[in-house]
Amino acid sequence: MTGYTDTEMMALAAGRLIKDGDIVFAGTGVSMLAATTAKRIYAPGAVFFFETGGIDPDLRELPMTVGDPRVMSGTSINTGLIDALSLLGHRKLRTIALLGTAQIDRYGNLNTTSLGDYHRPATRFPGSGGACDAASCASGVISFVKHEKRRFVEKLDYLTSVGWYRGGDSRRRLGLPRGGPIAVVTNLGVMKFDDPTKEMYLACRYPGVPVETILENTGFPVDVSRTVEAEPPSAEELRILRKEVDPQHLILQ
Amino acid sequence: MSDIDDKLMSPADAVRRFIGNGSQVAIGGFTINRNPMALACEIARQGVKDLHLVCHSHGQALDLLIGAGCVSRLELAYGGNGRYAPTCIRFRDAVENNKILFEDYSNYQMSLRFLAGALGVPYIPSKSGLGSDVIRLEGFPPGIRKERNVASKKVVIAQNPFSNDDDPVVLLPALTPDVALVHAQYVGDDGTVRITGLSFADIEQAKSADVVIVSCEEIVPRSIIRRDPDANSLPPFLVDAIVHAPHGAHPTACYGFYDYDPGHLNLYRAAAGDDETWRAYLDKWIYGVPSHEAYLEKIGDTALRALRADPERGYAVGLDRK
Amino acid sequence: MSDIDDKLMSPADAVRRFIGNGSQVAIGGFTINRNPMALACEIARQGVKDLHLVCHSHGQALDLLIGAGCVSRLELAYGGNGRYAPTCIRFRDAVENNKILFEDYSNYQMSLRFLAGALGVPYIPSKSGLGSDVIRLEGFPPGIRKERNVASKKVVIAQNPFSNDDDPVVLLPALTPDVALVHAQYVGDDGTVRITGLSFADIEQAKSADVVIVSCEEIVPRSIIRRDPDANSLPPFLVDAIVHAPHGAHPTACYGFYDYDPGHLNLYRAAAGDDETWRAYLDKWIYGVPSHEAYLEKIGDTALRALRADPERGYAVGLDRK
Amino acid sequence: MTGYTDTEMMALAAGRLIKDGDIVFAGTGVSMLAATTAKRIYAPGAVFFFETGGIDPDLRELPMTVGDPRVMSGTSINTGLIDALSLLGHRKLRTIALLGTAQIDRYGNLNTTSLGDYHRPATRFPGSGGACDAASCASGVISFVKHEKRRFVEKLDYLTSVGWYRGGDSRRRLGLPRGGPIAVVTNLGVMKFDDPTKEMYLACRYPGVPVETILENTGFPVDVSRTVEAEPPSAEELRILRKEVDPQHLILQ
């Protein structure tokens, strides 16, 4: 099987990053697809939770948003926003947040608020939701973004969710003792972050995607010296994704 | 006679009695779930103006009220409805075209602000948002900062006085709205409220408000609702008006009763994108129906039946959600 | 194999593994209700020293641990057991005779301090206590103020920065104990915890702690505990040890299972008033029994049967409580 | 019927102060007796709640303390300490707290902590519990105390729960915008507080108790010019109290 879509590859690439035992906070959209896929394929023992308060649902049907009644079905416990969002930063838990974004900079800071002037934007997005909270408090963030120059930018129009801030130890100096971006999953590859600069580099490119394509679609220079090629989706991965996770193509387009 | 005779009223009476132009209103639910739609539609129908909405992540009620011109100020964390509106459409239009004043917070921040109001404390500290533009940029103009129910500052950055190290925290001002709107599954005829499934921040919102209006799917006897007091959400004395409104969250979901309505949400999306079709939507679904019952009749039994929740799973299993 | 095989252990193993000399421990329950007695007795049996207890209103477990010499520091709001000890007897002896360091707060203050710990914020403001000696007087000596898990100041009085008027608030430092002890009615074999009846501040205490030990009346299948997730109290990943201990709150009550034991509480009261009889109590009921099972055997089936809760009322109807 | 005990008269005197529609926060001991009595005799429509979180229990059996399982039976809702204690100060509720005390001063400030030096007291009491919170936040406080000179003192050994503080508007100036003592119910009579001084005065004496006895047992001067004699307990009041409220004499001695 060779044909697969960008969204499918993104969901699988992110799902592969999740391990049994991880405590994963998932947002709306591709995040939800990656979470549901991971639960079925890679990490049935991972615990997924949602800012709305549903903890460890059975995820037998794909929730469309974190407000979907499917996130409160078959759970261990149904709570509310304050409980769920406080768990993000709980010192005894290693929590990983899956967040979509509209813009990202080289330090993994995210914009899901607006383009242009904040007070009268050219384009308004939904806003932070729990993203700012997850970025501030979780042990790590995996973000999703379409690989385009206008999205991978030198300077965000609005900094909704703090990543490595200005690099180095600037995040810690803000007063955020833990957390920070782990990976950025795009439709072309997966970016990670260097120590100690905390600058983004290209960790892997998807099968058949030339490094040049990635560089052309990134609005700032990135190190590509350590890039490897990702495994293509297996027939079984695609079958599960298409037939079991999202048979209605709610998020897969 | 039951204990709630003086609180039981129609959506029209509840809105007329407790909500006026300029009221600050907290809406319960979350994006496409348990929005108090029967109440929101009635607010739109009565043409209330200049509402100051305060909410975390909202979708349908938020967008309808903005689209109907009822809102002049908005504090929120998120406006979106998933695939039916990745960004809420009339909300987006209002922000991009300067039709409302708005102030962005995060979900945790907004929830903690409601919690502070519920606890009766003036603010609550948090780490969330340090370094972000959510903290740095104020959305509201300075001119309204002295008005009632507008925080004197969006947030305050302070040092933790219990630490000897540099340890900044974000102080979040309490919210104490005039009115909280809640749609619940059950109200007892003693006035006790029960929400099933996730409660989102509904309980904190209700406790933070001067007036609480609860619409519900069912009114049940006192003996039933008190059989399991651990499951209940609000005591009678916090509730000012009770509205019996089956399907009162439609087209959003109500766990254990019905799912969200993809058909109507798609119809809404198609209408909301253009001023003219949007006006037609309002005429048909809001102004053109005199009541919640008439609205449901127009939606139709067949459509409602398709949304009915599986009793064990709480949602409509296998529902076509495209 | 169930999901909790690695967490399921005896009281002895749980105490040995997670509690050491000097540990800061939060005790669940309230005065004569749902005290984690099987765990407290085991702590006493193992002779743990220098515990730093943090609690709101406590009775039986508090008094036993102090009386057994396990405690050197105490932060509390209240130590009493109703008619069985208007002031807890060994607690009173320890305070009056300078045997422990103690720090007084109120119930709301202590609960908010646990809430702050649970939310991961360094402090929480409140109005409660302004003008009182609870705020004015520090119980702990300055010398220990720099130690781990001792607040650098008992409280801080600050001005509300959102107000232009004089508006003082009391800032309460967060509690983040090493261990929280909870006695619950049910734990699922997936690790989910369910407390029925009042939860007191048990949930905040558990969330504020590094380690959570839960003893329970029953372990039930995952399919049962997940049938009603709205009723559950803690998710599995917050729980580190699970102890199956039926009657694990005796002689305090466990709603829905059994009432408090007036016979034993009166026996305790009589013993605790004098050092010699108190020593005999410890020898007989703690050191003289190797385990919780042996303790229950000594209490006897007849006594336990008399405490059995009425399934509808949750307590033993008509129990002789003199 | 003429014979009745001090505790019986106190429970009835306090119970008579409670009205249908009141939202009453009750503590342990005589408070509990007064609450359970009021629920049966004077104010079946009053709502009683407890710091432990039980709201509006049926009170079919007398709870011995606020931690008794009887406060969580037949309730409207079972919550926890934070919920219950935050309701005390809720701006839309008129809440009345019933509190026992070991010492009281002329402004209704209470001591339930200790006698002598705080750090090494001659006598240690249980401590604040929720009393300091109720005194700070409720709309009004009714307290219970045995009428003895060593309890009605010029200066408390420890101020656990703030009443009218130092009189006048000193309570408000502390930063407590509402609340304050309403009445003090003793075994000899009921004291109330003057406006605007907020000093205690004798509002009523129980049948047969001379004013002089009260003055002799109060450690500071009190105005007795407005004193009336209370109604004695009726046979029916005593029957209900003895046979229905506390048939086991758990609190009635």
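Per-chain residue numbering starts at 1, and chain names A, B, C and D are given in the order in which the chains are listed.
Throughout what follows, a contact is a pair of C-beta atoms (placed from the backbone, for glycine too) under 8 Å apart; a residue touches a chain by one contact, two chains touch by 3 or more.
Bear in mind that the values here come from a model prediction, so they are computed numbers and not experimental data.
Novice: Which chains contact both subunit B and subunit D?
Specialist: Both subunit B and subunit D are touched by C, going by the contact rule given at the top.
Novice: Could you compare the number of C-beta pairs in contact for C-D with that for A-C and name the larger?
Specialist: C-D
Novice: Where the CA atoms of subunit A average out and where those of subunit B average out, how many Å apart are those spots?
Specialist: Distance between chain centres, rounded to whole Å: 27 Å.
Novice: Report the inter-centroid distance (CA atoms only) between subunit A and subunit C in whole Å.
Specialist: 40
Novice: Can you give the whole-Å distance between the Cα centres of subunit A and subunit D?
Specialist: So the centre of subunit A lies 57 Å away from the centre of subunit D.
Novice: What residues in subunit A touch two or more of the other chains?
Specialist: 72, 74, 78, 82, 86, 89, 137
Novice: Among the residues of subunit B, pick out those that touch two or more other chains and give their numbers.
Specialist: Subunit B, residues with two or more chain partners: 112, 119-120, 127, 167, 169, 197, 230.
Novice: Draw the chains as dots and join the ones that touch; what shape do you get: line, ring, star, complete or other?
Specialist: If you draw each chain as a dot and join those that touch, the picture is no line, ring, star or complete graph.
Novice: Which pairs of chains touch each other?
Specialist: A-B, A-C, B-C, B-D, C-D
Novice: Which residues of subunit D touch subunit B in their complex?
Specialist: 23, 47, 49, 55-56, 72, 74-78, 82, 86, 89-93, 137
Novice: Can you tell me which positions in subunit C touch subunit A when the two form their complex?
Specialist: 118-120, 176, 188, 190-192, 207, 210-211, 225-226, 229-230, 232-238
Novice: So in the complex, the part of subunit C that touches subunit D is made up of which residues?
Specialist: Going through subunit C, the ones touching subunit D are 29-33, 56-57, 59, 76-83, 86-88, 91-92, 95-96, 98, 104-109, 111-112, 115, 127-134, 136-137, 139, 166-169, 197-204, 253, 255, 259-260, 309, 313-315, 317-318, 320-322.
Novice: Which of the residues in subunit A end up touching subunit B in this complex?
Specialist: 28-29, 51-54, 60-61, 64-74, 78-82, 85-86, 88-89, 113-114, 118-133, 135-137, 158-162, 165, 171, 174-176, 248-251
Novice: Quick check on the complex: what are the subunit B residues that touch subunit C?
Specialist: Interface residues on subunit B, with respect to subunit C: 112, 119-127, 151-153, 156, 158, 160-164, 167, 169, 171, 173, 196-197, 230-231.
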